[in-house]
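Here come two complexes built around chain A, the first alongside chain B, the second alongside chain C.
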Partner chain A sequence: MSALRGGRLIEVAFWLVPLAAFLLLPGYLMLGSQILIVALFALSLDLILGYAGIVSLGHAAFFGLGAYAAGLLAAKGWGEPLSGLLAGGVIAALAGFVASFLVVRGEDLARLMVTLGIGLLLYEAANRAAFLTGGVDGLSGVAMGKIFGVFAFDIGGKTAYLYSFAVLLLVFIFLKRLTSSPFGLSLRGIRENPARMPAIGSPVRARLVTAYTIGAAIAGIAGALLAQTTQFVGLDSLGFNRSAELLIMLVLGGTGRLYGAIVGAAVFMIAQDYLSGVNPVYWQFWLGLLLVVFVFFARGGILGAVEAAAKRLGRSSQERAR
Partner chain B sequence: MLGVLFDGIAYGSLLFLVSLGLSVTMGLMNFVNLAHGAFAMAGGYVCVIAMTRFGVPFLATLPIAFVVTAIVGAVLERLLYRRLYGASHLDQVLFSIGLTFMSIAAATYFFGSSQQPMRLPEFLRGQVHLGGVDFGIYRLFLVAVVAALTAVLGFLLARTRFGAQVRASVDNAQAARGLGIDVDRVFSVAFALGSGLAGLGGALGIEVLGLDSSFPLKFMVYFLLVVAVGGAGTVKGPLVAALLLGVLDVAGKYYVPQVGAFVIYAAMVILLIAFPAGLFGRRR
Partner chain C sequence: MAELLRLETVTSGYGESVVVEDASLAVGEGEAIALLGRNGVGKTTLLMTVMGLTRLHRGAIRWRGGDVTRLESHARARAGIGWVPQERFMWKSLTVLEHLTCVARPGPWTVEKVNALFPRLAERAGHRGAQLSGGEQQMLAIARALVTNPGLLLLDEPMEGLAPIVVQELTQVLRGLAGAATMAMIVVEQHAELALALTQRAVVMERGRIVHDGPSAALLADRARLDQWLAVS
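Now for the complex of A and B:
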């Protein structure tokens, strides 16, 4: 019981960190909202990769769809943020639902190729449909209205930060409940043993389709959030690099843990901001090296390492008590 | 029309040369190697350096590019790839993305991110006029080289002892091991050979595909696609897939430029859905 309360306390403390950052680091609010948005995006991949075990190389497709949906709505005169956010989520969910039938049926390799293909297909489509999306120049002229008709987006990024924080927290709570529900448990079961789950009566296909659709919807919301807070949508929001970096963040933090996605996104974004300021080429090199090292030595990610350390600590203190 | 077809075939034969090694890696060890394009890029840079800094004639740089990348491949296989054969596909993907990023960063650091200049020798430049159609001499040369190599490789795979071992290992690695075939060694050799061919393809391809530091990512999909469509363990599968892809891509860009690479990606998704094991895949 006390362990449970301890866990709660840590969770509350965790969520106080972004709020403290809001008060203490007013100069970094732009970076801060980027981190919150990317964390949301990483959560969406965590659901389909970490929990459902679907490997994806094209998750940015849904992020970009959401971004373009929200951006286009605002650029065409519908600047109300919350409905724009919803529109981004719904469109990405629809695309995710259709795509899920192609993704779910294959094995790892086919899934990799199909997700990669879908991502590239959308990228190319956005690139070619320049009349709509602005092509390589990106979509500008995104004019946002006030949230609830009250809070306008300001130059300092305060509204954007708190808006992103609220959305992240709400989605996180939703995912937390989802992953600890019977649905979440069956997803983990499918990841661990896809052959056995049908035998105990779990509709594997339907579960994976649902998970993939929800993951796509959340990615779309994250994209819409980025479009609204930066008031710009670039072609890179659909690119392969974004999908690959997302995968890296998730692995960095630890897959199959919701907090892993957030920690990984934060560490990645801060390191990128610092190191790519020094030299972007070096950054890419160290990123690659980091990946290789992680694959060989630290598959659980940061949180996995913390967990292992905590376990070891707990064991030794138990032994001492004995 | 004929010209487009011919350009497509030249382009496709290049893709085939580079992808063949990948087909062995993915088919034989079930290893998803996204870094295969990096070997082709390495071969390209070896060719450029040998020509510009050491004044080696173009034709002589080709075997150098083959040997150097084959050695690099063998070393990497021994040190890194080998440890991940049993790992999950996610691990393999992450590892090979990491390797790709490192190769791109290293290439940018040493050579900059601009296109590498390439000056073909006099006798490979220009056109021949045949039956009302102009053929680029270099592309003819390319097709001839790849055709010759294909014949050699086909012989190697179909008629030699090593080829039989490769085929046996692709079909059933466990049974092959049980029969006393040293699958690990077969794979090491095949990996080095595949890397070398990729390097050779990269060197030959500078004129057609271009060469800059983003090469491994730019063409990654094409190589993966050749393997996914062609299936693994044969020479015929990737060859047909690569030629098909080359012709489709060139024709798509020529006739419907506004759609661009869309044709290829759509074809890829459709083919993957229709033929999960590839057009000529050996189903297990």
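Now for the complex of A and C:
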């Protein structure tokens, strides 16, 4: 019981960090909202990779679709943020649902290729449809209305930060409930042993299709959030780099934990911001090194390492008590 | 006794290879059957065929009168066929409690009821599947099948590799389940005498075919036939 209470306290403390950052680091609110949005995007990948075991190198396709959906709505005069967010999620969910039938059929390598292919297809389609998307110049003219008709997006980024934080928290609570439900548990079962799951009543394909669709919807919401808070949609929102970086963030933080996605996104983006400031040309070298170190010395990512250290500490304090 | 499962001249195997040939079998509600035979005669394949996990070359499978020959495996499980596989397949990242809540379906067998049946599982509710002993894993595999509330429970070598004290404990549990007759059971077991003592009916397989179907007690008393089919010393 006390372990449970301790876990809850850590969770509360974890969510107080972004609120503290809002109050203490007003000069970093733009970076902060980017971190929150990317964390949301990473959560969507964690559902499909960390829980359902579907590897993807094209997840940015859904992020970009959500971004363009919300961005286009706002650019065409519908600037109401919440309905724009919903539109981004719905469009991405529809695309995810259709793509899922291709993705869930194969094994890991086939899935990598299919997701990569879907990402490239959408990227080129958006590039070609410059009349609609702005092509390489990006989509501008995204004019956002006030949230609930009250909170306008400000230059300092306060509204964007709190808006992103609220969406991240709500989606996190949803995912936390989903992953601990029988559906979420069965996803973990499917990830570990897909061949035997049907024999205990789990429809593997249907579960994977559902998980992939939900993951795509959340990625779309994250994309829409980025479009609304930056009031711009670039072609890179659909790009391969974004998908690959997302995978790195998730591995860095630790897959299949939800919190790992948030921690990985925060560490990656803060490191990226810091290292690119120190050395604008070779910063990726240090990021690469960081990733290699984590993969070799911290299996399970940052949270995996923290968990292992906590276990070791617990064991040694028990031994001391004896 | 109403009929639950019927196999009609079933021929099945893996890919092109045939393991079970022309097997016909009817199982009534609440009936307990021992499925016996030497290693490699097709007992496990027959159970897997019932679950829809093999390639069916010929024949038909009926469940509560309906044709389930082409029904997918998960739909058969949901229709009421529970399976305790030989390899137990625990999920290493799920706790004991999560193993049960993940698959539980409405019915008389609840998580609380299986915990009462296997108190050791209740004690280890927070342990992960891979952290359990062989006996505990087997208890969990049976409990996991029970909480799906099946009409028929398929048990594939439930005593394999277990310590004698655990075998004793599990035998008691299976005797209780068979005695209650609220659900049918097919038990594949190398310890023929143990399986025959638990069940009312014995089915023997040889080289993929069913060669005997009769009362368990009669086969238990017929040493010569037991030796012939099962090489019991």
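As a working rule, the second predicted complex is superposed on the first by the 319 of 322 C-alpha atoms of A that agree within 3 Å, B and C clash if a C-alpha of one lies under 4 Å from a C-alpha of the other, contacts with A are read in each partner's own complex, and residues count from 1 in each chain.
Please note the rule applied: a residue touches a chain if its C-beta (ideal position, glycine included) is under 8 Å from a C-beta of that chain, and two chains touch if they have at least 3 such contacts.
Computed from a prediction, not measured in an experiment: that's the story for all the values here.
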First (chain B), second (chain C), both or neither touched by A:G117: first
Partner chain in contact with A:L102 - chain B first, chain C second, else both or neither: first
Touched partner set for A:V209, first chain B, second chain C, both or neither: neither
Partner chain in contact with A:V55 - chain B first, chain C second, else both or neither: first
Chain B versus chain C as contact partner of A:L247, first or second or both or neither: first
Residue contacts on chain A - larger count, chain B or chain C: B
Which of chain B and chain C A:I91 touches, first, second, both or neither: neither
First (chain B), second (chain C), both or neither touched by A:L287: first
Interface residues, chain A side, partner chain C - complex: 182, 185-186, 188-189, 192-193, 196-204, 256
Chain C - residues contacting chain A, complex: 51-53, 72-75, 77-78, 83, 85, 89, 91-94, 98, 101-105, 144-145, 148
In the complex with chain B, residue positions of chain A that touch it: 49, 55, 57, 102, 106-110, 112-114, 116-118, 120-121, 124-125, 127-128, 240-241, 244, 247-248, 251, 281-282, 284-285, 287-292, 294-296, 299
Residues on chain B engaged by chain A in the complex (per definition of touch): 26, 30, 32, 80, 83-84, 87-91, 93-95, 97-106, 108-109, 217, 221, 224-225, 228, 258-262, 265-266, 268-269, 272-273, 276
